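Take a look at these structures.
Consider the two complexes below, in which subunit A is the common component and subunit B and subunit C are the respective partners.
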Partner chain A sequence: MAGVLLSEAEKTFILHGVQNDLRNDGRSKQDYRPIELEMDIVTHANGSARVRLANTDILVGVKTEIDVPKSDQPNQGKIEFFVDCSANATPEFEGKGGEDLATEISNFLRSSFASPLSFDLKTLCILKGVQCWILYVDILILECGGNLFDAVSLAVKAALHNTMVPNVETVAMDGGNVDLQLSGDPYDCWRLDITNIPCLVTLTKIGEHLIVDPTAEEEECSMASLVLAVTENGRINSICKTSVGSLHPQTLSDALKVGAEVGVGLNKALKEALAREEKRLQADKPERFGFLK
Partner chain B sequence: MELLTDQGLRLDGRRPNELRNIKCKMGVYNQADGSAYIEQGNTKVLATVYGPHQPRGQARNRIHHDEALVNCQYSQAVFSAGERKNRPRGDRKSQEISIHIRQALVAAIRTELYPRSQLDIFVEVLQADGGNFCACVNAATLALVDAGVGMREYAVACSASLANGEVPLVDISHLEEMTGGPNLTVASLPISGQVALMEMSQRFHSDHLPKVLERALEGCKDIHRILDDTVRKHVEETGRASGWGQVDRAGIVL
Partner chain C sequence: MQNIKIRLASERVSTSLTFGEEGAPQLFTPGETITDNQRVMSGHGTYMDEENKDVLKASVAGTIERVNQLICVRPIKCRYMGEIGDVVVGRITEVQQKRWKVDTNARLDSVLLISSVNLPGGELRRRSAEDEQMMRKYLQEGDLVSAEVQSVFSDGSLSLHTRSLKYGKLSQGVLVKVPPSLILRRKNHFHNLLCGASVILGNNGLVWIYPTSPEDDSGVGGFTQNLEQVIDKEDRERIARLRNCVLAITASKLMLFDSSIQYAFEESLNYSIKELLTPEVMLDVAFRTRHRLQAYKDS
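And now, the complex of A and B:
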């Protein structure tokens, strides 16, 4: 993605590798690179997670605030995605340089969360039509090593899993004003239900084949990519074609089949990783690695 | 709220001349030419350096024929502070800090070695708990060393304050900043003891300035020692793999 320069010969080498189902880092077409996950590393956020997928580094912080619900959805809370492409990833992102990519990612996340079947915004309602929770999901892209969408979605799901929303003790109406009393105990919180939140799976077409988890070099060789939002039980609730180039309708239907399969596996792996991480954090004084590892 | 208790301890239990715990790491990322991460207490900063390279885009019109063009960008993650920020960069405060970081670093970088080229320094505050500017300068220095950019010496920054109108405090935390004491920020070149940048908010009598400045410069020297240790350890580790940095305790190359 960022300043990758490949010659024709190098592109052909990658293409031949994909044809033989042996990519240049030794993976087969449907293998992911190793993923590292750590939760609860930003103390100022209600929930946070960092995902490192080989060279792609994503930090997500979730903050909760109280807001007024939309008038057409009085019994729902809100969720907002904000993507910041840090110039640390590549000098091209300096100033406003990363905004196009940031908007593309945040728009797709919004559409994949839009269905009430993937994330129920009703749970964020405090008082119908008057008060609700708003979740600010802030995504920081620190390094780009290919496959941003997948890494971002894993980090978002992990950060939402880690998010602690304070319990509301009393709600009283005083004339037109609402008097909310939040629990004084910082550990008196409830957790979000993340079961049906989708993971994004990027399928990249190189030659005649579809591969998952492309590296920056492979992205450079591809004609087109498809991003699918796949839930735990294999339901696809959003789809989008990124980058230039075109796809045959037949490829599209193949992609849906492969994507659903891979997505189920990815969700399962994430669920296990989250459970392991959760257990580690519950220990007395768990070790924090952050960026020092 | 008192900045200093009767027992001579600060709000977070430190003594007046005590720094917050510093942890740092060089070479966090592979794609950048140089990168570093620093934690000063709860303030966490990531810095990367790209270059020296051919000037890109707009910078092409601003190149100098006798020295490098140093480009700095400060940005602060929206979730880094207690209250959510609306945007990570582009506001006045961030622009001001970018300029100050640039000033502090240009004093240390040997820009004359890289004529007609550009050097990009990007700092990202991941968590803010006071002394953001100081942590940024320190992280950027480590990243510059990691990138192998020629420098006169390290640029190190530290802040100081004055408690009860007489006791100078070093390395001010967010809580102490908010309590309303004066805040003197100094970026210095600690070996020669020169001051590269000095900024102050609030006020105190000018009689106090020498001792507060002295405390801040002392803090710079302490931080310098920690950064230097990190650099030496890093070079030793990376050098061991390629076999060039192997020096025994007596300083003899093996």
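And now, the complex of A and C:
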């Protein structure tokens, strides 16, 4: 992770702050920093979203393409995650510097989407065993201000919500070849079902306490973090531990309880924001804000 | 129970306080024509147009400064340009032979020579080889120091010194980074604020907020760090509030000095500390602070 230098005294100050349930910016242990969301800002993608969580900036684009399903899962589509750590975020990402982090994030996203209970790949099937949709989810990390996982998952969920998959009009088999006829109308699309897609919640252990939404400085003070994939109704899909430290079994069970609760809140907030943004986009000629203003 | 709120980009609030107001300083963007008067001289941040030699244009985004015929544009956001005598806050990035490298938010790392620090023991003595071997004991990578700019090298990098009890290693507190152009140059950059905490306003845009220590007035000098000391909750609340206030008023481009911080602190008391992270509240605090500063200036 993009490290920041901190002196021992600053670390002590942060540590004591967490013990007092008053962090450096006045938040308590379970508060998030302000989050900003915008959908449909990349015109060339089928779906896109940008999430800014304080200083963490994530841009996600979803592209749909037609592919051949895997032979062992003939009636399922595919989803692929690709994370790109821009060297704009921190000079450490230059060259291959961000590769480890990128693989870590994309692997965890893949595992949290793996269960049919979180995302049903069957909906992406066009013709069993022959044709299916593949979703390429491209994640671009533009700025790192701590808590990458949570911000990435919010942006991914929003971008998938925004994704328009073209309707297939006719499927004709011509010998061994498949002839697909896509709808000519660009607005003739269907949307993905994102209800059960999980949001990631990072719980960072500082001292004996668990905090959510750590800043880059707080991440520097922690020995271990736990990332949970939590769905709307509080089900934990997937879990992984980042960085080097270890966790006590008791801490782990506490973390699961806290994480599920926070995850439900996060999903609810996202759902509400998505509905509002959707309403705005449906208006005539919605304005795009992006990085300006 | 936490209350998470996700905002939309369309609901973003503008942080500008003076937009469209009369008397607001005019901002120039790079490439914008400043004047076509042939008698002016081109200063920092400006250039003469290639095709039309009479036209002076801005090369950075900022406000104009005019001394007789000389026109400069002072950028709003830039790296710190050091001047001799400035108070700076910096972070040690490297320990080398006879010197520390310090990140002061300038274009190049600054140097702090071992001969320009007051070593523990106090008396002026020759720096021995042992002192050089002990350098990491005094200051190691990541440590924060307050210092003064002693000289500027020809390449623009700075040489610092801490030869006063005011300067030295910083202990517990919070560092806030703001644009250097928003720090008002004053005689004194060390303040014990009325609200019960202290700040060092580094000319380089790094602001250090720390609890006021009751016993010594000598400031933060020396090389000691008390890691056992636990700062009580009231002090911590004041520091967190000050941190958010500093960020609020600098987001709206108000100058930072002792009274602007104090006013912002007082105006922010209507809100809880974490409310100060939301853009609307930040704007409101900045607006009220500006109002009070103007009222004080008019009276």
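One rule holds for everything that comes next: the second predicted complex is superposed on the first by the 291 of 293 C-alpha atoms of A that agree within 3 Å, B and C clash if a C-alpha of one lies under 4 Å from a C-alpha of the other, contacts with A are read in each partner's own complex, and residues count from 1 in each chain.
Here is the rule we go by: contacts are C-beta pairs under 8 Å (C-beta built on N, C-alpha and C of every residue); 3 or more make two chains touch, one makes a residue touch a chain.
Computed from a prediction, not measured in an experiment: that's the story for all the values here.
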Three-chain arrangement built on subunit A, subunit B and subunit C clash or fit: clash
Which of subunit B and subunit C A:L6 touches, first, second, both or neither: second
Touched partner set for A:L192, first subunit B, second subunit C, both or neither: neither
First, second, both or neither for A:I206, with subunit B first and subunit C second: neither
First, second, both or neither for A:I58, with subunit B first and subunit C second: neither
Touching partner for A:V230 - first (subunit B), second (subunit C), both, neither: neither
Partner chain in contact with A:L270 - subunit B first, subunit C second, else both or neither: second
Partner chain in contact with A:N20 - subunit B first, subunit C second, else both or neither: second
Which of subunit B and subunit C A:E287 touches, first, second, both or neither: second
In the superposition, subunit B vs subunit C on subunit A residues touched: C
Common interface positions of subunit A, toward subunit B and toward subunit C: 290
Touching residues (chain side subunit A, partner subunit B) in the complex: 2, 42-45, 48, 55, 57, 59, 61-63, 65, 82, 84, 86-91, 94-96, 136, 138, 140, 142-145, 290-292
Of subunit C, residues touching subunit A in the complex: 1-10, 12, 14, 91, 93, 141-144, 170-175, 225-227, 230-231, 233, 236-237, 239-241, 243-244, 272-274, 276-279
Touching residues on subunit A, where the partner in the complex is subunit C: 5-10, 12-13, 16-17, 20, 22-28, 30-38, 50, 154, 212, 261-262, 265-266, 268-270, 272-273, 276-277, 280, 286-287, 289-290, 293
Residues of subunit B touching subunit A in the complex: 23, 25, 28-32, 35, 37, 39, 42, 44, 46-48, 50, 56, 71, 73, 75, 77-82, 84, 88-90, 120, 122, 124, 126-128
